[in-house]
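Reading through the structure tokens given below for one structure.
Chain naming follows the written order as A, B and C, and within any one chain the residues start at number 1.
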Amino acid sequence: MRNPQLNKNGELQHLLSLDGLPLSILGAILDIAAPFTEVAEREVKKLPLLRGKSVFNLFFENSTRTRTTFEIAAKRLSADVINLNVSTSSTKKGETLLDTIDNLCAMQADMFVVRHESSGAPYLIADHLHATGRNHIHVINAGDGRHAHPTQGLLDMYTIRHFKKEFHNLIVVVVGDVLHSRVARSQLAALTTLGVPEVRVVGPRTLLPTDVERLGVRVCHDMNEGLRDADVVMMLRLQNERMNGALLPSPQEYFKVWGLTPEKLALAKPNAIVMHPGPMNRGVEIDSTVADGGQAVILPQVTFGIAVRMAVMSMLAGN
Amino acid sequence: MRNPQLNKNGELQHLLSLDGLPLSILGAILDIAAPFTEVAEREVKKLPLLRGKSVFNLFFENSTRTRTTFEIAAKRLSADVINLNVSTSSTKKGETLLDTIDNLCAMQADMFVVRHESSGAPYLIADHLHATGRNHIHVINAGDGRHAHPTQGLLDMYTIRHFKKEFHNLIVVVVGDVLHSRVARSQLAALTTLGVPEVRVVGPRTLLPTDVERLGVRVCHDMNEGLRDADVVMMLRLQNERMNGALLPSPQEYFKVWGLTPEKLALAKPNAIVMHPGPMNRGVEIDSTVADGGQAVILPQVTFGIAVRMAVMSMLAGN
Amino acid sequence: MRNPQLNKNGELQHLLSLDGLPLSILGAILDIAAPFTEVAEREVKKLPLLRGKSVFNLFFENSTRTRTTFEIAAKRLSADVINLNVSTSSTKKGETLLDTIDNLCAMQADMFVVRHESSGAPYLIADHLHATGRNHIHVINAGDGRHAHPTQGLLDMYTIRHFKKEFHNLIVVVVGDVLHSRVARSQLAALTTLGVPEVRVVGPRTLLPTDVERLGVRVCHDMNEGLRDADVVMMLRLQNERMNGALLPSPQEYFKVWGLTPEKLALAKPNAIVMHPGPMNRGVEIDSTVADGGQAVILPQVTFGIAVRMAVMSMLAGN
């Protein structure tokens, strides 16, 4: 079966998911991202790699933060960026997703950054572009339903590599609502590909997928056991809509059991790093002392996120 | 009487309507648009013609699609583009339309792209600029009420010329809700100016203007009769708000009588082209087989639309 | 106590308020703004002073007009501008203001233009940047609660200097809802700093602060007395929410007593200028004959506003 993310030369054609992305490409993205972190520290944070290209931020689901990171990345590469908040637009007028895509392609789009509430929407777009022979147009998944958020996963891997150098000797723990998290799905896929020997997922039974052990990860329903000797602790955001629903008693009780406090963090290795995809719910999944403490690398994650997105965009534009 | 669209040298000053636009200027826009279609296929889709100019997309009525086409056109000409969704802005604060315009002029606007729910609003603005001696500022009508949508009409003419080469030997048919359509009004004006010998409008009595024959067009209340031997079939979008109102029984019944199916299209000339301004209601005014078929030129219309808007903007900036 | 607006060399670090801004810096901004008014009249309205810088328009309170002026100023300085309407964004997701700021800093922001409904929010951000050692990032207050709107005050001072040359011989009158006006607060601070010998505030008792005389200004509850022999008449906008509340009988009665008509204006000096921060309520605080008359300098205010904002941004970027 054709890998929809690769072109016929095996190069990156679209970034849809970290699941199924070959190690060689995953590693290449991280390598290419490194010099882009330096661009961001220059006086003139601008490179001409996407000059004259039209990048469409196609957000069928609102997300100012994610849209902003892609907008910055594209503008620093000198692209023309068009923001489309599609929920308030043509779909209301009865147009199909693929008709919208066809129209934007006809306006000579070069790249689509797609956020969609339905899992698989970016795949549908990529398949359609392939079927209609428009292989010069690229798709980046900026989060689809519960499925994937690959640039988040990539920036997480970049962050781990930056602070831990190697993957082959790590214990990495993912804590929280794995069941509903596209971020977690992307993280687990990448950690597996990069050869992390021990990955643990930690959380209440109601928020862990039933089949998660099939992914080769260890499941812990005990926070202390899960954190013990960890090198990397990746906290997940607890979505507001879960907090008072059937799955959880209350944010306070969640924090008591699953919130990351200095005491719990002390069970991990002394030099363990703490990550969070943001935006944080302080006092729900993470204590402020930890969030602002010396082991947190949450803001470097954001910085690396711009560099990783610039890397993906410039790779796609070059292929 | 002064033609508000022309300056004292007879050059294009504003683009407000295709009704009253001289053939020489209409033809010049189409000629100038041609090389811009090639720009869009380059690696670097960028020309410096509007560099340092400030283009304001003044949308008093929301339309992401139309705004996007103008935003792309202006950015490819290197303009600074400012998007103003005015419905959510100063008008709510009690400011008059002309006070808003005066303010934006004072910010050294060079060009206004205006979409407004009231017919005539762009004229009001153009008259005001004239009366106050600000002849270096240009207005493009991006759709006003039921009145006009001249860039849509221009891209339609560009599309017809591209596929049919000449206008003087054509039978052109406009099908649907002509009564409420600013697109149709612009199309009919341009087709007349360009010398199309036979223009037909086809649709239910409730959706055709009563005085349409005065425009020199032939009225058909029978779809088969209307389509017979046509060279160009221009479908109109059926607005959602008409579908369940007093004017029409239901979308299904509309489709049965007025929807363009392969069977009905077979009545036209074998090489007839099918056009639609988008967004399409598949299964209402047009069948998917036709929309995706070999005779449809709906996506080239979109591509030509960018080129035509670049042509209009660069002409205005040069005059 | 440290002046949060100045860096350790006494240069402008943030623009938060005109209250406490030294005369030398206030004068420098006005001087630097002058050549920027000429840029706006060029064919190519573009300077490379902020090229490669990322300017974030952080609007926690919606204001299309103010956002537009900053967006234009930044784009004419070649910055990359990112518009964030934060009310519809992360704050809804429970993120704190300072977490939002930390995140944007991690994306290598160079400048924040902040509008916030709470007085003091820009100070909070500036303090946080100082406390965390991020002194290369600058904050411009674009209006906070009832507290300050310093760029509006600066453009008003620029306008007065432009038309009156000197400040030391002027009678300046501020008319209207001083109590709720951040604009008035910024004006009064600047007029005092610039050495205007007589400043009067005029308005109904319910709309003047009780302690206003402490600011060294003269309070008048009589419009005729207030306007007599004035050189500059600065009208304030009457917020819609005041018009039918407990503080005022009705817009019509307000206009009768406090609205600026030609008759009342005749009490001022013959060459007095009339200013308004916009958007105007014609027939409420100002008569159309005055607003459109020869003494009004309301549109020059807008033009100078772009230049003043370019001056502030380029000064900050240079320090």
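FYI, contacts are C-beta pairs under 8 Å (C-beta built on N, C-alpha and C of every residue); 3 or more make two chains touch, one makes a residue touch a chain.
These numbers were taken from a predicted model, which means no experiment stands behind them.
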item: C-alpha-based rotation, chain B on chain C, 0 to 180 degrees, nearest 5; value: 120
item: Chain copies touching (chain A, chain C) - same or different residues, decided at half shared; value: different
item: Cα-centroid distance, chain A relative to chain C, in whole angstrom; value: 41
item: Of all residues in chain B, the ones touching two or more other chains; value: none
item: Chain B partner contacts - residues on chain C that touch it in the complex; value: 40-46, 62, 64-65, 68-69, 71-72, 75-76, 240, 278-282, 299-303, 305-306
item: Touching residues on chain A, where the partner in the complex is chain B; value: 51-54, 80, 82, 84-86, 88-90, 93-96, 99-100, 102-108
